[in-house]
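Take a look at these structures.
First chain A sits with chain B, and in the next complex the same chain sits with chain C.
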Partner chain A sequence: MSTDTKSGPGISGDDTLEDAHKSNDRVRRIFFACATITVVTTVAIFLVLFDNAASYFFGARLSEVLLSGDTFSRTVSFTEFFTGTRWAPDHSTPAHGVLPIVWGTLAITIGAGLVSIPIGTATALYLSEYASTGTRNKLKPVLEVLAGIPTIVYGYFAVSFLTPVLVGGIATNVINPAGGLLDSISHLAPFVLDPAAEWMMGVRVGRYSLLAGVLVVGTMTIPMVSSISEDAMQAVPDELRNGAYALGATKYQVSIRIVLPAAVSGIFASYILALSRAIGETMAVTLAAGFNANLTANPFAEIMTMTAYLVSMARGTSAVGTVEYQSLFAVGLLLFLMTLTMNLLNDRLKQRFQEEYR
Partner chain B sequence: MSSEMTDTTDETLIETGFSVETDRGREPTDAEGIVRSEDLSVYYGNERALEDVTIEIPENQVTAIIGPSGCGKSTFLRSINRMNDRIESCTVEGELTFHGKNVYDDDVDPVALRRKIGQVFQAPNPFPKSIYDNVAYGLRIQGRADEVDLDDAVERALKGAALWDEVEDKLDESGLDLSGGQQQRLCIARAIAPDPEVILMDEPTSALDPVAASKIEDLIDELVEEYSVIIVTHNMQQAARISDKTAVFLTGGELVEFDDTARIFENPKDDRVEDYITGKFG
Partner chain C sequence: MSFRDGQELFADVDLGREKFLNRVFHAVLVAASLFGFVMLVLLILDVVWEAYQGLTVFQIDPVQFLTQPSSSRAERAGFGASIVASLWLMVLTAALAFFIAVGCAVYLVEYASRNRVTRLIEANLANLAGVPSIVYGLLVLALIVNDAGLGSVILAGAIALALLIVPIIIVASIESLRAVPSSVRDGSYAMGATKWQTIRRVVLPQAMPGILTGTILALARAIGETAPLIMVGTMLHATRYPDGPLSSFSAMPTQIYNWTYQADRMFNGLAALGIVVLLAFLVAMYVIAGYLRKKYEADASLTNV
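And then the complex of A and B:
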C-alpha cells in the first residue's frame, strides 16, 4: 500500500496512516493500563478486607480455608456484631457490638451535613446569584484554600479553639447557665494544647465531644458543598434567569425557584460528596470527638467513629491474627460498604435528575 | 421567511415602493406615547451603545426596531424594562419614561416595572417545568395566584398565544418537550399571563422556521389590541408587515429615523436608511 501505487479515490490508507494507527494503538494500551491500576487496586483492597473480615467472623481467612483446608468456626456472630451495644474488642472482657461506632460515624455525618449543607448551599447561592463579579473573584479562592487545608490542621483547630472556647462555652452556658462565658474559657484553658499532646502519647485526658466533631467536620465540608453547588448554579443557562427576571421575579425568587431546581443534580452531588467525606473523615474527627465508643446523643459526650477506631487500633499493639486485629478489617469493610452505597446513591440521583432537567 | 416573502424581496424593495400593508384597522394615535426616551445614552464600561436616543412609542401599536447588528437594538429594549441592570458594566444617561415616569428614578422598583413590561427573548427559554407551571409562573411569583382563577388565567394566556389547541391535553408535560415554535408561543403565553401593558420582543422569530414565524406574526397582530408591542427584528418584510411605526438604528447606537412604517419603507428621508432597507448597507 505505498503511495506510488495508490489507486482509487485515495481512501485506502497508506504507510503514514499505518504508523499513525500503530502509535494510536500503543497509546490506547498505555491509557488502558493506567485505567486498570485503579480497578485492580480497588478489587485488591476489597479482597484483603473481605478475606480478613471473614476471619473475624468465622475464625479463618477465606484464603486459608481455600488453600490450606482450614475450617470455619464461629468467633464473632453477626448478631452480636450488628446488634450489640458495646464495642470493646481489645478489652479484657471483649464486646463486639459495632453499633456505638457506627452510630458515632452516623452522628458525625448527619451533624456535619446539618452544618455544611445549609451553610454551603447559602454560600453557593450568594456567590452565584448575589455577589458582584469582584466579590466572587475574591471569595472563591478563599473557599478553595479552605478546601485545601490538611485535615490535621482542622483537627488542631478543633482541639485548640472549637472544643475549649465554643463547645466549652456552650456546655457551661447550657448546662450551667449561671457560669459566664469567660469562666468557661479560663476553666478550660489547660486543655488548649494538652489534648493533642496527650493523644500523641496515647493517654486519653483531653476533652472530646460529639459537638466538636460535628462542628469541625461540618466546617471542613462547607467548601465542598459550596464550590460544587456553585459550579452547578453557574451552569444554569442565563436565559432562564432572564426569563424569570423579565416576569418581575426578585433575586430570591429566581434563586429558589429557578436556579436551585435547575441545578439540583449538581447540588445533590455536592451533598453526597460532602457526606461521603464526613463518613471517611479521620484525622480531624478523631482529635475533636475522641475514642470512647458511646451510644449517646449527648453532644458533649465523647464518642468514637469507625475511623477513629481504625486509627487507635492501627496505632495499638494488638498482635496480627488476634480477634481485635481482625476487627479492624470488619470495621473497614463496613465503612467501605457505606461509602460505596453513598457513591451508588450519587450516581442514581444524578441519572434521575439529568432526565428531569436538561 | 416563507418562500412567498422571499420572492417579493428584490422586486418590491424601495424605488418601486416597498409593499406595506397600510390599513391594519388601527388608528394612528396622537396620544402621548406609553414609553418615551429623551436623550437616552447607554454605555457598557466606556463603550457607548446608544447615543442620545429620543423616541416616543405609541400605546397599543406595534413598533418595530430595525438596524444592523450591534447598533444597540437589544440594548434599547433592555433599557425599557431595566434588564440592563443585570449587566454590571452598564450605565444609563438621560431619561426613559413609562407613563410619564422616569424608570431610572430612585423610587422605581425594577421588579414592579418588569411586572408591567413583559419580554420575549430571541431564543425560546421556557423553564424546565410543566407547560402549566410555565404560564402560571408570573402570576405565582407576583403573588397573584390566589386573586385570580389560575386555571382560567393559564387557559386564557395559552389561547392568547394561539397555543391552547395544541397543548390542551398535556398541560402537565414539560415545556421543553414542545417544538421550537411552540416553545416561543409558550414564552409569549408566559409573558402575557400576568397581563402586562407593554411586551418587548427581541427577534422572537429568528430561531423559528417560516411557518412558526408567521404564526407568531399573526399573534402579534392580535396582541396589539390589548398590549403595546415593541419588536426588534432583522427581517425587513416582517417589520413592514406587522408594525405601525418603525425605528431605524444605525451603527453607533444612533436613532436615525422613526416614523410610520409605511413612510419609512416607501420614502425614507435619510439616505443611510434607504441603503440599509434596500440591503446596500449593514
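And then the complex of A and C:
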C-alpha cells in the first residue's frame, strides 16, 4: 500500500497529492466490491436453487441445458409436487407430494406463533409499561440468553426433557382418560371426528412430537417478539401516555388503548420476523418433531418439516444426481421463497413503523 | 373549593373495576414474562443434570472427553477433534467474513451516495439476514462442495458460516461507524487528509472496538450453528483430528447432534457434556464482547466531552 511510508506524526504521510488520490480511488472500488458481494450472494442463492431444482422437475439442470445442450424432460410434474399428499422421494415407490412437509412447517410455525406471540407481546408490554428499572435489568438478560442459546441445545432439551417428561406426561395423565368416549362415536363422522379422535387417542408419545417442536420453537422466538415489540412501544411518545393518564386512565387502559395501537406496525413486524424464523428453524425442530412426513394436526404425533427433510437427506449423504439430491433444492427453493416473502412483508411494515414517529 | 368537596363530587365514581382489571392484567404480564425465565432454568437444569449423569452413571472421564476424538463406541468417544474443528471453523470464518463485511460497511457509511444501487444493497442486507441458515448450507453444498469439487471439508463449512454472519457483522459495523462523530472526520479533512487516509487513521480506529464486538457476537452465533454444516456434510463421528482446512470434520454442534440422535443413553450423556463445553465457549465469547463494549463505551464518553 503506497500510503504505508515512514511518515511523521501527521496524517497525510509522505504521499504526493496525486498518489493519495489514486489510492483513494482504488480503495473506493475495493470497498464497493465488498458491498456487491452481498448482492452476489443473494443472486447466487437464487440461481443455484433454481438451477438444481430444475433437474428435479425437468431432469436436467438449467446450466446443463444452456451450456452442454441437454434437453428437458418431465420427471416430476408440478401438479404432483404441489397437490400430492405423500412425500417420499427416496422411497422404492417414490411419491413427490410436498404437502405433508409444507404442512409440517406450517404446523410448527402456527403453533410456535401461538406460543411466542402472546407471551412475547405480554413480556414486551411488561418491560415497557409496568416493570421497574431493576426488574427490567434482570429480565432483559434472561431474554438475551434465550436468544443466544444455539438451536441444537434447544433440540437436545426437547429430546431429553420436553418430549419424555412434559409431552409424555400430558398425554398419559390429561388426554388418555377421555379416549374411551371418543372411541365409541368416532366412526360416525370420519372427517370431523377422526382428527379429533386421533388428537385425543393417538397419544403414544414416541421420541418426537409436534407439541415439543411447537414449545421449543415458540420459546426460542419469544425474544425476537419481545425485543422488537418493546422497541416499538418505547418509540410511542410519552405525551400520548400522559394525555391518557391525565384523563384518569389506568395503566391497563393505557397499555391496551394507547400503547398497543400506536405501536402496532412495529409489533406486527416482530411477529412476522418470529414466524419467518420459525419457518427456517432447523435443528430444534428436527430433534423435537422428528422425521415422519405426516399430514396430521395431532400434537403428539411425529411430523416432518421442510428443514427436517433437508437434514435427514443430508444425513444420508445422498449422491449427486440422485432424485433425493435434486429434491433437496426443490424443497430448499420453496423454503427460501417462503421466508423471502415474509422478509419483504417485514420490510414494508418496518418502513411504516419508522415513518410514524419521526 | 376545598379538597373535601372534590371527594364528594366524585364519590359516585367507582374505579374498583378498573383497578381490579389493572391488577389482573399486571399479574398476567408478570406470569407471561416468567415463561421464558422458567424455560431457561429448565433447559439449564436439564443439561446440567444429564451431564452429571454422564459423569457419574456412565463414568465419562473428563480428560479423555476433552482430548480424545470421537468413536462409534460410546465408551471411547471424546470431543477433542470436534473442539479443534470448531476452532478451525472460527478462524477461517472470521478471516473470510471480517474484511468483506467491514469493507461493505465502510462503503455504505463513508462512500455511498443515496442512489438506487445503495438502496438495493441495503434492502438486500435486510433480506440476507432473514435467509434461513440451512439455505446457505444448500448453496455451499451445490456450488462449492459438488460443482467446484472441494468436498465436505472444513473450508466449505467455513464459507457457509461466513456467508451467514457477513450481514450480522455489516449491521454492527455500520452502527459503530455511524457513531463516530462527523466533527472528527471534518478535523481530519481540514488537516488535508484524503478520504481513505481519514477512514484508515481516524474513523476505523475509533469504530474498531464496536466492530470487533459485533464480530465476536457474530462468531458466537456461527460456533453454535448446526444446520449449514450438516448440509455441507460432516462426519458422523469425528474420529480423527482435522489436520488443516481441507480435512473432513465434525464440529462441536454437529457432533452433539449426532450423539443426541444415537439410541445408546451414554451418547446422550456425551451430548450433554458437549453442550456444556459449547456453552462455555459461548460464555467466554460473550464476556470478551461485553468487556470490549464496556471499554468502548468508556472511550466514547471521553471523546464526547
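Methods note: the second predicted complex is superposed on the first by the 285 of 358 C-alpha atoms of A that agree within 3 Å, B and C clash if a C-alpha of one lies under 4 Å from a C-alpha of the other, contacts with A are read in each partner's own complex, and residues count from 1 in each chain.
Note that in this section contacts are C-beta pairs under 8 Å (C-beta built on N, C-alpha and C of every residue); 3 or more make two chains touch, one makes a residue touch a chain.
The structure displayed is predicted, hence computed values, not measured ones.
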For A:W87, decide between first (touching chain B), second (touching chain C), both and neither. neither
Should A:Y56 be classified as contacting the first partner (chain B), the second (chain C), both, or neither? neither
Chosen between chain B and chain C, the partner touching more chain A residues is C
May I ask you to decide whether A:A314 touches chain B, chain C, both, or neither, giving the answer as first, second, both or neither? second
Go through the superposed model and pick first if A:L335 touches only chain B, second if only chain C, both, or neither. second
Kindly classify A:I222 by the partners it touches after superposition: chain B alone (first), chain C alone (second), both, or neither? second
Have a look at where A:T250 lands relative to chain B and chain C in the superposition and call it first, second, both or neither. both
Overlapping contact positions on chain A, where the chain C interface meets the chain B interface: 250, 253
Chain A contacts chain C in the complex at 3, 10-13, 20-21, 23-24, 27-28, 30-39, 41-42, 44-45, 48-49, 51-52, 118-119, 122-123, 125-127, 130-131, 139, 142-143, 145-146, 148-157, 159-161, 219, 222-223, 226, 250-253, 255-256, 273, 276-277, 279-283, 287, 307, 310-311, 314-315, 317, 320, 328-329, 332, 335-336, 339-340, 342-344, 346-347
Can you tell me which positions in chain C touch chain A when the two form their complex? 15, 18-19, 21-22, 25-26, 28-30, 32-33, 35-37, 39-40, 42-43, 46-47, 50, 99-104, 106-108, 110-112, 120-121, 123-128, 130-139, 141-143, 146, 163, 166-167, 170, 188, 191-202, 220-221, 223-227, 230-231, 233, 253, 256-257, 260-261, 268, 271-272, 275, 278-279, 282, 286
In the complex, chain B residues that touch chain A: 81, 83, 86, 88, 111-115, 118-119, 121, 123, 125-129, 137-138, 141-142, 176, 187, 190-191, 194
Which residues of chain A touch chain B in the complex? 132-133, 237, 239-250, 253, 257-258, 261-262, 356-358
